[in-house]
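Which chain is which? They are A, B, C and D, in the order written, and residues in each are numbered from 1.
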Amino acid sequence: MNFWLELVLKLVVVLGFVLTGALVVIYAELKAGSHMQSRIGPYYAGGRWGWAQPLADGLKFLQKEDLAPAAADRTVFGWAPYVVMMSTLAIFVVIPFGPDMVGRDLDLGAYYLLAISSLSVLGILMAGWSSANKYSLMGGLRAAAQLIAYELPLVLAVVAVVIQAGTMSLNGIVEAQSQTWFTVAGLEISAPFLIKGQILGFMIFMIAAVAELSRIPFDMPIAESELTMGYLTEYSGIRFTMFFLGEYASMIGLSAIAATLYLGGYDVPGLSGNILNVVGPGVMIFKIAILVFIIIWIRWTWPRLREDQLQKLAWHWLIPLALANIAIVAVFKVAF
Amino acid sequence: MSDSPDTTETEADVAVIDPLEGYAEALVEKVGAIGFTLEFDTVRIHVEPSRWVDTIVTANEDLELFSWLSAIDWSKDVEVGDPVDDVDALEERFEVLCRLSSVQNGDGAIFVATLSKDNPSIASLMHEIPGAEWHEREAHEMFGIDFEGNTHLIPLYLPDDFVGNPLLKSYPLLSREVKPNPGDVDVEPMPAVEAEAETPAEVTSEEAAGDA
Amino acid sequence: MSKKVQFPFPGLFKGMWLTLKTMVKPAPVTMYPEVQEIPVPRARGVIALDVDNCTVCMLCARECPDWCIYIEGHKQEEPPSKPGGRPKVRATLDRFDIDYSLCMYCGICVEVCPFDALYWSPEYEYSEGSVSNLLHNKEKLTEWLATVPEAPSLESR
Amino acid sequence: MTTPGMIHRSESAVSVELQTPDMTINIGPQHPSTHGVLRLVANIDGERVIDVDPVIGYMHRGYEKISEVRTYAQITALVNRIDWVSGFANEIPFIVGVEKLMGVEVPERAQYIRMILTELARISSHLVFMSSYPLELGATTPLMHALREREYILELIEEMTGGRFHPNFNRVGGVKPAYGGGSTTKKQAMDIPSGYFQRTLEAMDRMDQICKDIDTLVTGNELIKMRTVNVGVIPADKALEYGLTGPNLRASGVAYDLRKIENYLPYDEVDFEVAVREGGDCFDRYVVRLDEIRESVKIVRQAVDQIPKGPLQAKVPRILKAPKGQVYSRAENPKGEFGFYIVSEGGKMPYRLKIRSSSFSNLSILPWILKGQLVPDLVAIMGSLDFVLGDVDR
C-alpha cells in the first residue's frame, strides 16, 4: 500500500476511534454516575436516553468565548491543551487491536508508551503556570508532583511484564499471553499475564494509572472543593474541551495499555491469525470497557486522598512493591 | 420589673424562681458585682465597667462556656421601632452584655456593664476569652463601642468604608423609608377591628408602618 | 498508617457494592414537565383571592411584613336592602396586587383576614421571565381560587 | 502530624535553601467549599496554611435591626430564615422566649408537635451535612443519597406546616397549620392531617436505612478515615472559649445538650441519649451528627407514640404585646445553642433582639484551628464545623 495513503487512513481511524471513544466514555460516566446517585442523568438530548448529551456539550463548548486571563502567558496558555491532547493521541499509535491492526508495531512499544504518556504532565504544568492564577499554579504543581511520583510505579509495573514477555513490542506481549501455558488433557490452556502471576503488578498499574489520570481518589490537581478546578480553572471553550476530551481519551488509552499488558489484549484463547484480526478489536474494546467502568465506578464512590497521603502511598508502598514484583518475576523467569 | 403584673405566675414558676435568686446572689458575691436583676428566669448580673474583665474571668471558672457578647442602646432618639416605655425617665446609655453558661447544668448569667454615651469604651475580653473577638468586633461596628485592647477591631459584617453604627436606635432603617407603607392608605376602619382590639385600628397602622 | 494501606480495604469495596446496587435500581425521580408531583394540600404555593369576600379592610396589607400587598378601594352607596331603609355604604375593591417578588410566603395575610378572602393554593407554576412581572393583580389572584384544594381530613388521634 | 497550632516549619532541605515567599490566597467568597459566601484570606506556604483571616458579612441581612420594626408574629417568619437548613428549629427559642415574656402556657399537643418537627428539622439539617461533608472530601455520591432521603423529611414538614424550608408554624401559645383547603372552611379547626403519623413512622424507617447506607459509604470508608481522623482536633477547653456548641462541642467530649438541660419542650418525657465523642477531630464531629440522626429518629418515634389529644393553641390576646422585661431563651438547634435575647419595652415589637446564632460562634474558631494545617485539611475542617452562612451573618 502507498505509504501516504496508509498514513492518512491510520490517522483517520485512530482519531475517529479516540474521539468517538472519548464521547462514549463521557456519556457512560454521566449515565453511570447518575444512576449510582439514584438520578437519571442525560435524558432528552438525542431523543432516547440522552445519547447525544456529550455531543451537545461539545457544541456548547465550541460556541463559548475563548477567554484568557489578562496576566496569562497567552502562547503557553494556548498550547497547553494541545500538548495534553497530543500525548494522549500518540499512545494509540502502538496499541494493537489485532495481529495486524496496529498503527505501528514498534520494537520498543512499551518504552514508547511510557515515554509519550508522561508528556501530558508537561501540558498540565504549562496550563497551571501560564494561567496566572494561584489555584491553577497549585493545581499544576500538585499534578507535577503526583505524576512524577506515579510514573515510577507505572514504569516498574510494566517492566515486570516486559521481563515476563521477553519483549517490548506490544504485539509480542500479546502473543506471549496467547502461547500455551500448560496442557491439560490435550487442551492447550493459555492465559493472560493477570492470571500468570501479575496480579500485584496489575493492581499497581491500575492505581498508578488512576493517579496519572488525576481522577478520584487521586484528583488533587483539580480537587474542586479545594482548588476550584486546579489547572483547569481559567480554561473555557474549545481549550477546555481539549482538556476534557484528553482526560477521557487518556482514560481509554491507559485502559488499553492495561488490557494489552495484563488482560491479553485482542487475544481470545483458541483463536488465531486472521480471525483475530476480525474479532480482535471487539475483544479489545470489551476489555477496555470493563476497565473504564471500574475507573468510573471508583470515581463515584470514593473520596479523594490528601496530597501527602498520596505521595506516601506511592513512595512507601507502590514503588517498593513494584520493585519486589520485578524481583519475583525475574527470579521465576530465570528459574523456570 | 421582675414582678411584672402581666405574667401570671403559677406555683411551678415560683418554685423555679426561688433557687435562681439564691444562685444569683451567690454569683454576685463571688464575682464582686454591683447587684442583679432576675426576670423571666434570666439572671442579669450588673458589673462595674472598670472590673469588667476581672468579673467575667472569675465567673468563667464555673460558667465555662462563653456564649455571646452584645450591647443595647438605650436612647431617647428612636428612629425605628417602638420607643422605650417611659421616655422621660430614661437615662441614655449603652449596656454591654456578656452571657456565660455552664455546660454541666442550666446555670448561666448575663453580665451587664453600663457605659456612658459620651465615652463608650470598655476593656476587651479578647486575650482572656479569644472567642470574644468576633463578638466585640460586631458590637464595635454596630454600636460604636470601643473595646480597649482588642487588636483586631476592624469591621466584621459591614464594608470597610461604611459610615455609621446601624444598630443604634437613631440610625434610620432605609428599607422602611424608600417606599410608603401600602397598608397605610385611607380606608374606613372595619367594625370587626374596632371591636376586638383595645388599640384603635389607626394606631395599628401607624405602628406597623414602622414610624417611617 | 501501615495498617490502613494494606490491601484490601473492606470499607472501600462495601461502598462500591452499595453504589453498584443503587445503579441497577430504578431512580426515584419524577420527570418534572411530563409528570407533575402534586403538592400537599397545605402547601403554601400561591395566595388566592376571593374578591366577593374582601371588604377592603386593609388588615392584610398592614400586617404584611414585606409590604408587598397593594390595595385600593372606594366607598360606594348601594340601594338599601329593604325598601325605605337607609342606603348602605359599601367598600368596593379596585385594586388588589401582591408583589410575589417581595412576598416571603409567611402566611400572615391569610391568617389575619377576618372575612375568608385569602387562601393558600398549592399552585406553583407561575414563574415569570422578569421580576417585574411577578406583581399579580386581582384578576390573576382570583383565577387561582379554583386551585384551592379541599381541606385534608384530620388524624383521628 | 498536623497538630493544630503547630509552628510552620519547612520539612525538606530544599526549601531551607530556597526561601519561598508566602502566597496570599483568597478562598471565596465564591468557592465550592465555602457553603455560600464566606471568604478566607489565607497565607500559605506551599500546601501549608500559615494563618487565615475569615471575612464574613456577605450575607448580613440585618435581622437584629429589622426585628425592631417587626411585630412578634412577623419576627417568627423571619427567624426561620436565619439558618435555612433547619428552619423550624430556629423558631422554637424565639417563640419560647416570647411565651415566657407573656406568661403563656402552651398545650401539650402543640408542644409534642413542636418536638416532632424540631427533630425532623434536625434530621434534615444533619442529612445536609452528611451530603455536603463527603463532597468536600471528594466523594460525590453520599450527597445524592442523603438529599434523596431528606426529601421525605421535608415533605413531612410541608405536609404539616405548609412550608418546606420556612414553616412559620409557631404562634405564641401554640402552633397553627397553614390554611390550605376548602373554599369556606377557613374557620375550621386545623390539626394534623390524617395518615401523618403513619407516614412519619415510615420515613423514620427510611432514616434508619440511610444511616446504614451512610455508614457503608462514608463511616466505613478507609479513605474518609484517613482524611478526617486526627485532623482538626479541637480540645474541649478551646471549644468552650470560642463558644462552640452543639455537635462540635459534643465531639470534644462535653456532653452539653440543651434538650437535657433546658425545659423548653417535653424532652424529659422521651428517652434518648446525648451523642458524645472524645476525640474532637473531624471524624468525631461527623460521627456525632450521624448518631444524632439516630437519636432524633428515636425521639420522633416515641413522640408519635405518646402525643396527647387536645388543642393546638392556648388562649392569647389578639394583639400581641409583651410586657416590659428582658429574657434570654435558648434551644438546642441542629448546629448548636441558638438563643434570643429579647428586650421588650411593653410594645408590639421588641426594643432589641439579640440573636445568638450557633454557626457564628462555631465559625469564630477558624483562625485558631486552621493555623498550620494543610490546604486539603482546611477544607475538611471547615466542612466539619457545619455552618450555614445565613446563620453566621444573620
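Basically, a contact is a pair of C-beta atoms (placed from the backbone, for glycine too) under 8 Å apart; a residue touches a chain by one contact, two chains touch by 3 or more.
Computed from a predicted model, the values in this text were never measured in an experiment.
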| item | value |
| --- | --- |
| Pair exhibiting more inter-chain C-beta contacts, C-D or A-D | C-D |
| Rounded Å distance, subunit C centre to subunit D centre (Cα mean) | 26 |
| Where subunit A and subunit D are represented by their mean Cα positions, the distance between them in whole Å | 44 |
| Chain centre separation (subunit B, subunit D; CA means) in Å | 24 |
| Averaged-CA centre spacing for the pair subunit C and subunit A, given as whole angstrom | 53 |
| Set of subunit C residues in contact with two or more other chains | 12, 15, 18-19, 22, 28, 63 |
| Overlap residues in subunit D, where contacts from two or more other chains coincide | 71, 141, 145, 148, 217, 221, 223, 226 |
| Sites on subunit B at which at least two other chains make contact | 204, 208 |
| Touching chain combinations (by label order) | A-C, A-D, B-C, B-D, C-D |
| Interface residues, subunit A side, partner subunit C - complex | 32, 34-40, 43, 203, 297-298, 300-302, 312-313, 316-317 |
| Interfacial residue positions of subunit D with respect to subunit B in the complex | 56-57, 60, 62, 64-66, 68-69, 71, 100-103, 105, 237, 240-243, 245, 249, 254-256, 261-262, 318-319, 323-328, 337, 339, 341, 343, 345-352, 354, 356, 360-361, 364-365, 368, 393 |
| Subunit D residues within the subunit C interface of the complex | 70-71, 73-74, 76-78, 81, 141, 145, 148, 155, 158-163, 166, 168, 176-188, 190-197, 213, 216-217, 220-223, 225-226, 307, 309 |
| Partner subunit B, residues of subunit C touching it in the complex | 55-64, 67-73, 75, 91, 114 |
| Subunit C - residues contacting subunit A, complex | 1, 5, 7, 12, 15-16, 18-20, 22-25, 27-29, 31 |
